[in-house]
């Protein structure tokens, strides 16, 4: 029985604990042995994103120290997992356990589809849902085919959600345009960031979505911030929160 | 700048390039490329979609009759043909009235309304026609100065894709050659497509055979 | 230093105009998608293009010498320029030696990079840009805002007004067909009167000593088939080894740039016109230094298609001028700071790193990875402001210590809901200008897990 370390991004820990709980519940419902190592803090993405690689290094080392002992690591976040898989090598190449960590850290949906091999998602979720395909999960982890790439279409997230009874995943005009969060970009280029976010929201609205969902709470945080400022009626939910209401097998 | 300065510039650049050269990597071949069930049909569709006018004829002799149906041709006052026997009315009275051999300078082409040129082959994937410099006559500017253009291409000379095209081109060296795919155009004003920019305002293609 | 963010803000603030610009370019991206879909081997072509460029760059000096040999055999004169100054001097000398004062130009980003136009104009040479979009911005005395669609930032009414003033078109006329017709007549006069034509080079062929120029308008062909002197300027990276390699690039170029299967004219020059001269100027201007940088050398593969600009959600909503460089967008955000890191330090940060550019690039440049790497380069060289680096240092101090992180989190979640709204959403809070802050729950996930460990059974 593989021992799974639950990796909860810092902003999920602080602002969206229910997403962490939902992730935990989904994994436990499938009989996964999950542990939450409470020493964890942050993967270091804000530093790395700002070019301050040397400030990300101690966080990468801390992460390896904490998670290196697990068979697998799962997180409800595409960008944080991408950080570990695609960017940690810069500081941790050659370190003991790093290679194992790099190849066994997963975003939640890909873990369910590729590792646990969930085939059935049963339950009701009536409503019109807009799926936001966050960029790191999409183009770095390849959770789905990006609209730019001319390859056979696939979407691991859609595979899980579409099986729910009553759910209507709306067709967006731009299926995978960036929401504008981009980490420190959200603050450094606030004007463009918010215009991008408002345009995403408008696309979801026009397509009839009542709920916007995604696998990265950071993007959802940005979109929800805009929605709540403009007092729009849309709800925002992480996919873990939708999946915790279902029976997976 | 003197040629001595240039020579040292050349040496400096080449030395810098060798000093900074990345590690060796192999030169690949092109991937297997699309072939069409009906390349002629594909060519016709693509040529038309880029704004060209596609006409099938059985032989060169049939072109004149078709030309007489084209407004740019019937309205043309100055017509030049680089294909012997093409561009005369059915009655045998020549409509081509520009003696290209007599022109001393490409500027004298100004005012040319209609030009008829031979294309060596067509490319199905993109509606392009290879026109070798030798097919342009003494003044190569003819293909771009003319207000309207007609290309004549043999029907058994349609290749499927650009890889096949480059397999068969033999560059005249020194020389000139180009692919023409339809009439000139621009979308520089608010992305609105306008056919007829600086080159030919229309491009007809006669596929012969 | 005014960077991208400061210039982008007013552009984005004019929402109707920003949306119009965004829609226009998104439309080109969609056309690109349709063309790419029609080629089953599209991704294999992108891979081949990347590999051809990588191979070429690894032996580029040899290929340039081969090109020069073969070009000479074709009667082409080959010049070499180490930098912009040498390039401009060479072009000027060719013209001045022949008493040429009227030059027509088709698109060349290289000549923009070298600021050739003002150099020649200061020396008494009339330079007419003949691509319609470039002529428009030339008449407006402004730079192009996109490398393929130079006037994409202008509405037809703007152009109508310009042509009324400069070309005498009817007042308030803005029909694109009518305006294009006026430009055709006006530029034809320039073509006819020109004494030399200058073009860029899309691809130069080492094997045959020739080069290729692609246009839809026919302006490069008109400008080089009427006057007897043709000067073609190229960065050395435009070279390809064999004629057959053109098959790969020409299948990718127009489809990526404008969503067409091919440009109207794909002209192969292998020698001067009868009685004419053909000159090629090969330029370095900092490119060989980029070649030596492992992380950034793939940016030299760029074939200047502009697809990255069309797909970039930031470019579409900020416009080419916010980049302040002749090549904007994702590729420009690398090329500009590679040329001048301090002047263009903001550009690698003018990106959400979404990666769409890397997925559309026909030569598979890992654009967003290079942008990320460039940020680190800027910080290492201390080109990023001190206070930003200090802020990150403080964050790391806290995040590296679990107790400090937990405490900071708890403090934040306790304090924020108790502060007056005007204080929370003050000018110090850029997040809060147009967005609400995230919720501040009483308990964090780790707080809840303490309960879980104490009260709940694990399964």
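Here the chain labels run A, B and C in written order, and each chain numbers its own residues starting at 1.
Just so it is clear, a contact is a pair of C-beta atoms (placed from the backbone, for glycine too) under 8 Å apart; a residue touches a chain by one contact, two chains touch by 3 or more.
Everything numeric in this text was worked out from a predicted model, so none of it was measured.
Chain centres here are means of the Cα atoms, and by that rule the chain farthest away from subunit A is B. Distance from each chain's C-alpha mean to the overall C-alpha mean is smallest for C. Computed centre separation for the pair subunit A/subunit B is 52 angstrom, with centres defined by C-alpha atoms. Subunit B and subunit C have centres, each the mean of its CA atoms, that are 29 Å apart.
Centre-to-centre separation of subunit A and subunit C, using mean CA positions: 31 Å.
Counting partner chains per residue, subunit C has residues 39-40 touching two or more of them.
Looking at subunit A, no residue sits in touch with two or more other chains.
Multi-chain contact residues of subunit B (touching two or more other chains) are absent.
Residues 4-5, 8-9, 12-13, 15, 18-19, 22, 26, 33, 36-37, 39-40, 42-43, 311, 313-314, 317-318, 348-356, 358-360, 372, 374-380, 384, 388-389, 392-393, 395-396, 399-402, 405, 409, 412-413, 430-431, 433-441, 443-449, 452, 458-459 of subunit C are the ones touching subunit A in the complex.
Taken in their complex, subunit B has these residues touching subunit C: 1, 5-6, 9-10, 12-14, 16-34, 46, 50, 106-107, 110, 125-128, 138, 140-141, 143-145, 161-163, 165-167, 169, 171-192, 194, 196-200. Within the complex formed with subunit C, the residues of subunit A that make contact are 8, 10-17, 20-21, 24, 28, 36, 38-42, 44, 46-53, 55-56, 58-59, 62, 87, 135-136, 138-140, 146-151, 174, 176-178, 180-197, 199, 221-222, 224-226, 228-229.
Interface of subunit C with subunit B (complex): residues 24, 27-28, 39-41, 44-45, 47-48, 51-52, 54-61, 64-65, 70, 73-76, 79-82, 86, 89-90, 93, 130-133, 136, 149-152, 154-156, 159, 176-177, 179-181, 184, 187-188, 191-192, 208-210, 216-219, 221-222, 225-226, 236, 241, 243-248, 250-251, 254, 258, 260-274, 282, 284, 288-289, 291-292, 294, 297.
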